[in-house]
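Please find the structures below.
The two complexes that follow have chain A in common; it is paired with chain B in the first and with chain C in the second.
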Partner chain A sequence: MSSSASIIFEERKDQIVRKGQGAFDMDCNRESLAGAVSQRACVFCGSRVVLYPIADALHLVHGPIGCAAYTWDIRGALSSGPDLHRLSFSTDLQEKDIIFGGEEKLYRALSELIDRHHPKAAFVYSTCIVGIIGDDLEAVCQRVSKEKGIPVLPVQSEGFKGNKREGYGAACKAMFRLMGTGDISDISPLSINILGDFNLAGEIWIIREYFERMGIQTVANITGDGRVADLQRAHGAALNVVQCSGATMELAKMMQEGFGTPVMRVSYFGVEDMAESLYQIARFFEPKDPGIMERTTELVKTELSELYPKLQEYRRELAGKKAAIYVGGAFKAFSLVKAFRLLGMQVVLVGSQTGTEEDYRELYEITDEGTIIVDDSNPLELSSFLKEKDVDVFVGGVKERPIAYKLGVGFCDHNHERKQPLEGFVGMLNFAREIHSSVMSPVWRFVPRKKAR
Partner chain B sequence: MLLRHTTKEIKERQALAVNPAKTCQPIGAMYAALGIHNCLPHSHGSQGCCAYHRSTLTRHYKEPVMAGSSSFTEGASVFGGQANLLQAIDTIFTVYDPDVIAVHTTCLSETIGDDIPQIAKKAEADGKIPAGKYVIHANTPSYVGTHVTGFATMTKAMVDYFAEANGHKVDQINIIPGYVEPSDMEEIKRIVTELGLRSVMFPDTSNVLNRPQTGRFDMFPKGGTTVEAIRSSGNSRATIALGRLASGPAARALDSKCKVGCEILELPIGLAATDVFVDTLRRIGGVSVPESINTERGRMLDIITDMHQYFYGKKVGLVGDPDQLISLTEFLVSIDMWPVYVVTGTKGKKFEARIKEITRDVPHEVKVAAGGDMFLFHQWIKNEPVDLMMGNTYLKYISRDEDIPLVRFGFPILDRVGHSYFPTVGYRGGMRLLEKILDALLDKKDKDAPEESFELVL
Partner chain C sequence: MATMDYVSTTNACKLCKPLGACLAFRGIEGAVPMLHGSQGCATYMRRYIISHFREPMDIASSSLGEKHAVFGGGPNLKQGLKNLITKFGAGMIGVASTCLTETIGDDVPMIIREFRKEMEAEGGPGLPALVSVSTPSYSGTHMEGFHSAVRAVVDQLCTPDSVGEELAGKFVNLLPGFLSPADLRHLKEIVEDFGLGWVMLPDISETLDGPALEDYEKIPAGGTPISAIKGMGQGAATLEFGHTLEGGPTAGRILFERFGVPLHQSGVPIGLRETDAFFQALEKFSGRATPKKHELERGRLVDSYVDGHKYLFGKRAVVYGEEDLVIGLTAFLAEIGVKPVLCASGGRSGKMSSCIERVTAGLLETVPRVEEGADFQKIEDLCEGLAPDLLVGHSKGYRLSKKLGAPLVRVGFPIHDRFGGQRVLHAGYRGAQMLFDSLVNAILEKTQEESPIGYGYM
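For the complex of A and B:
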């Protein structure tokens, strides 16, 4: 279609692939083209996302007010207890701090906050400006840590040092420093840490319950409903299960090297991936506890027998509808493609902000002919693809939602603004319900573009 | 208790903002630039800044928000962002083809010392700026001012770059509407038209951030003030600037650059402030106020008189931006409510003095903080609660914890719709505010009333 070809930057042509048109050859992990209306964010954003759900820690943003203001409680990462993470703390750097340095201010801010809120640990986020003026975060953190007797960890998340992915890395480094310090004597041989799940809409509680039924102890849900003490003894777990690999795989690797904790990649989205993840974990523990496989099979059977009949109702109406996916990390996209297939729907566009070549190759493998695969896209491209493919529902995040709605296309937030748990077997049902309610909504009848037909 | 961390005891803080009542300059500059027709705002800094501003504006307006970023990397931060901005200008004009690129700086590019006009000149010399297209800029380091001053600076840049006096006066009045909602801008234009006057208003985000569902995604929506219109502002008879902080600098720049005299008024929120606005229009335009406007005023007054018993002595806590708070405080005082706590994140002695002046006859202590935050505001409330709070969505934590009704007002509103469609300025806007205030107070009254005194008629 000529209209969509014309809005693609010459420089971005290699970041877009149409399955079935030539061999897979995709360029990604490039810096965004300056001037493009990219949907990407920065290093600080990545760090903030990963660490934010550690609820009993203090999160102090060292920088001008914006960085703290824009990240104030915008992610629905739920906590079952403390909620210090939902407050916004900023050193609110002013011009004179830029000139004379912000270390003293940071010291005073930290001291005051720790005295008032008694957090179990403190994370101090570096921002662009701090990287430029050269405040010694490490030194200030060490000083305060010594004085207050809690871990105070610098997060080297200067925004300009890359994209979100580098931010994940900085967060992982900070978390790793907490590990290896807690008492692990009471940890079961059948134990795991949950990495890369943010407990959006309470999802981690669903997953933890599955593990409980399998007889597995969860030591630390590191990035969702997280607790400092859990992180400190996370090295005692027998296995790390990693979902959002972009965000936490680096931590898992550090733990593997440091403590010998094996790693397993999992996904809790969709029926296939959810079940396979549980089986995979069961197989891992089977030598230690031969009964685990039976318990797991029973769990999956129970859940599926409840889920499938309900799912069929949605499938009947959704079959043949077309979906588009644009998400932060590519790993989530794999599960989404499968989940849509289960609903009988066709994925015609799939893309991510930060996927790797390997990720896109896998997407290429699992998608149908004609599917558009795109890296680091922008609103103009996305909207033209949505129109070209005559999509019924778009799955994305906050910046994608209004684009879909303006075009008169259904939408499902599969990012941090989801209001329903989408993980686990029950999550698949919620997902189906949400997709169904948006796709089948009568409101789209009023959309001029559709009326004109 | 979400805010169980708030302590009752208040200690002075110097190094710290907790739960801020402000955000940084660039987002204000981006919002202002969206009020120019066919303009792409451009953030000269890291990608995160642009993403955060777009996300925040999108959450508030439920609209796509377009802006480019210089996508700074480590290299740019060491060697300067010139190459990035040149590339960006080229990319944007080639692919998106706006009339204007409105560049605002960030803390990063300011500290590195990038000279935007010089870079723009280079882009022009390199032939990267097509004929009839413009690159304008505003310096908006995040460590100075707040989103309000960022808005003011970008609005002033519109004057600096575009306004021209050619010696031939045009029969029109300039209106600089302030950092208000698209709905408010629309209402201000309507009032001016209702008086039979012609105006140029800039910026104008109506039909940009409150546009209709059309089944189309337009990179550049219908709304926004055209460059041509802003240019002609140099020939207008006068300028009315609404809101000293947000609109004052542009109005004064227009005065000194093009000798267009200005009147800087408070935002027309509430009866008295709207009276001043309408009267100024009448006087400058040499027209009389039409019956239709008088009727609107009469209706607003009617609500006030009909329901005055419910306003009397109600203590109100306000959090927001200075221009809004000044008018809102005056409005509340005028209907016998007591604004006892007034907090803004934007510093300013004049603001504090003005609030003190407006509230001097309120028979209760009035606490004002310019450069305050919501933590302090909550501490005040813990020490002495109020009957009503008005402010942005972030007040909902306090509202829930302390069981105090909240009227959402200001920026950002992340959990309700309406603000972008229904104004709070003018007499009609005043009626809406009154309705919201009464709904909040009376819903609470109904909810809390013991069964024996739960009444049907209020």
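For the complex of A and C:
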């Protein structure tokens, strides 16, 4: 433990706890420490990832080129139809725009892009610099909206005005402005909006199919494989089911206040949480449709009877191996802890970029003694924890991958760039297969970390 | 051809200035790149760079929040520097500004001067080298950021007499620009084979392509040693790559003007003719003939040019990416009988056209269309009338390659959709050989796949 103590910044001590060492007391949601290499992003990033999958909207980044270039086709958020979201649009502000203001350029860029691509709506993201030079985004958006006859929505996502979570909020505010405008006359009383699923590797299609089998209509995907028209009538759904609590919970709350739509938190990761989420939704609709519980039970039974024998094969070899988790939102971490338990594996480190105290308290409850829980970590800390705990596989995003690989530790990408669906029952199997293919590879015997043992 | 003047940029063919500065700082021993701005910049750039090199790439940030944007980011920058020194053990910190801090008017050199004074007053251990570079992302591309950082390092660290008598004048300075780790390793090998000592700045050959390790290194091993940088003013000569840099205020120019180090500027040595020029310079500086090993490599390259010439003759290529890379690649394509029909870059040096005319002299009947400040929308629009057979550039052209059904030969940065981007060799006779083989094979593969016969010999 002394090895890791030396690399932990004094100011960050309260953002790390070890289960079993005193009472739970954790600090989080602080600004990142200057000079630490945080794994966090910015407000813009939060807005961009949430809105990105809306496939028939134009996403224009108002700022210098970087913010648009680094978010071009960044997520594997699939669309079943249009794919305008996979293009990267920028006003590419130059020095003269900074001096004289970027409004005119924004107006012309928006107009020409709408003419070229005929989107159903446009989102205009403000970046750091726009916040400083003071362009009136709202006014330009209103003007273009009037001229082109589509919603043009400013997203107040100046990078420095907080962290990723404020960005989620800005995205939710922009989406909320679309709601309440569409026709809802043909929506079933058994209907939901799916919030907080981004259709990475086609995951939302798996989940929608489950709901179909239960007899539930999905009104709007928010935002994976999302469409503007669906968002405009999302207020007609009977229930909002929210995954990835950080990103879209605010929208669910706005809809609850604005339209009275009830909210339910769900998770599609791992067998337990997936099944429980479906049952929870079935219980909600049971008064309206008493047969729904039976259909749901049948669905879960069918899926599990197919899944379990296959999972057992992986479990046999994975049992006892050690896992570490570092993800964007803490809610995903809950499901991953359970998923690893199902594989017989032990979670020795779990952390997130943007968890709340409540989130960490829950993680503290569900993890084993000695597990390290960490908020807004950095490569130095993470690597020292990986080594200290002799981890076999690390679950994280692309920024965590080289940390794991450099130390010769297995890795599973559970972030935006995954190409395998990890949600749903079939996702659990994919997850097990991916963990297995990393942990059981023969290459680890050659890495210095193992050779030295 | 229709002219299209878009106000907006779609699918940029460039990256922002601070990213280039971070890459350059990464090539200095013990250095930590740091961005003075909001947290997102560092994280985005890290992710982008990691996806190409598959190596750790730490970039620190001063993580400015709203109140700092109003009252100035100085205190955060100082706090960040202090943390990097005490916790990271940084041997150098390269601070690059961002659009945010440039616009709020933070004077980074002054903040650093204040920081030095404050630290000296506290009486702690000696400070590491602190270098700052101005990289507002609203002017120029990542390549301007890269070259500005190299220039800032030379400008702020070189001293007139830091190496001893026995070393002075016995080495050459190599300023290669942004090439792959494999390229840099090869260049060093070539220079050594001429019996020359060298200082290469920057040198990412190990820092961004390192071995598996037992312990995570706070700062990856390798890179140009600071002591070597300090002594660059006593080099026998400076070789600086990049035609667009010629005559500009570069690191090589500073070494010449301030320390009298003769400056030899040339193109990036890609292809036979541009590599010949590089070897001629080395012959001159070393007083030695090209070693046999390299003569043979050159001979094999020419031999393969002959063996493969028919597969490539008249093929129409679109080349895009960083300006000096495009110029080098165009020189190479022209000498193997490929017809470059469009040379595009997001950069705007204003020199691409004339440079391309020069490096293809005597080889092309018509000068290819050259587009500076291009994005992929523009490249795609232009391709409609050009009917290219192949694309040569980084992986962001994949979408276009798929649309056109024309193979993409991946070179440069970033390569996000293939393995081994950090080991792609472009430079020297050996690099030309690799490129040549890749090009011929890309054409052969397409011909074979499209043929109903299923030829076993191609």
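By definition in this document, the second predicted complex is superposed on the first by the 453 of 453 C-alpha atoms of A that agree within 3 Å, B and C clash if a C-alpha of one lies under 4 Å from a C-alpha of the other, contacts with A are read in each partner's own complex, and residues count from 1 in each chain.
The rule is simple: a residue touches a chain if its C-beta (ideal position, glycine included) is under 8 Å from a C-beta of that chain, and two chains touch if they have at least 3 such contacts.
If you're wondering where the values come from, they're calculated on a predicted model, not measured in any experiment.
With the two structures aligned on chain A, chain B clashes with chain C. Judged by the touch definition given at the top, the superposed model places A:Leu84 against chain B, while chain C stays out of reach.
Judged by the touch definition given at the top, the superposed model places A:Ala139 against neither chain B nor chain C. Once the two complexes are laid over each other on the shared chain, residue contacts for A:Ala319 go to neither chain B nor chain C. In the superposition on the C-alpha atoms of chain A, the part of chain A touched by chain B in one complex and by chain C in the other spans residues 7, 9, 31-45, 63-72, 87-95, 97-98, 105, 108-109, 112-113, 127-129, 131-133, 159-163, 379-380, 383, 398-399, 401-403, 405-408, 446-449, 452.
Looking at the complex, you find that chain C touches chain A at residues 6-12, 14-16, 18-19, 34, 37-48, 50-51, 54-66, 68-69, 76-77, 79-84, 87-88, 98-100, 103-104, 136-139, 141, 210, 212-218, 346, 396.
Across the complex, chain A is touched by residues 2-5, 7, 13-20, 22-24, 26-27, 40, 42, 45-56, 58-59, 62-74, 76-77, 84-85, 87-92, 94-96, 106-108, 111-112, 141-144, 146, 213-219, 345, 375, 394, 397, 414 of chain B. By the touch rule above, chain A contacts chain B in their complex via residues 7, 9, 11, 31-45, 63-72, 74, 83-84, 86-95, 97-98, 104-109, 112-113, 116-117, 127-129, 131-133, 159-163, 379-380, 383, 398-399, 401-403, 405-408, 446-452. Only residues 7, 9, 31-45, 60, 63-72, 87-95, 97-98, 105, 108-110, 112-113, 127-129, 131-133, 159-163, 379-380, 383-384, 386-387, 398-399, 401-403, 405-408, 446-449, 452 of chain A touch chain C when the two sit together in their complex.
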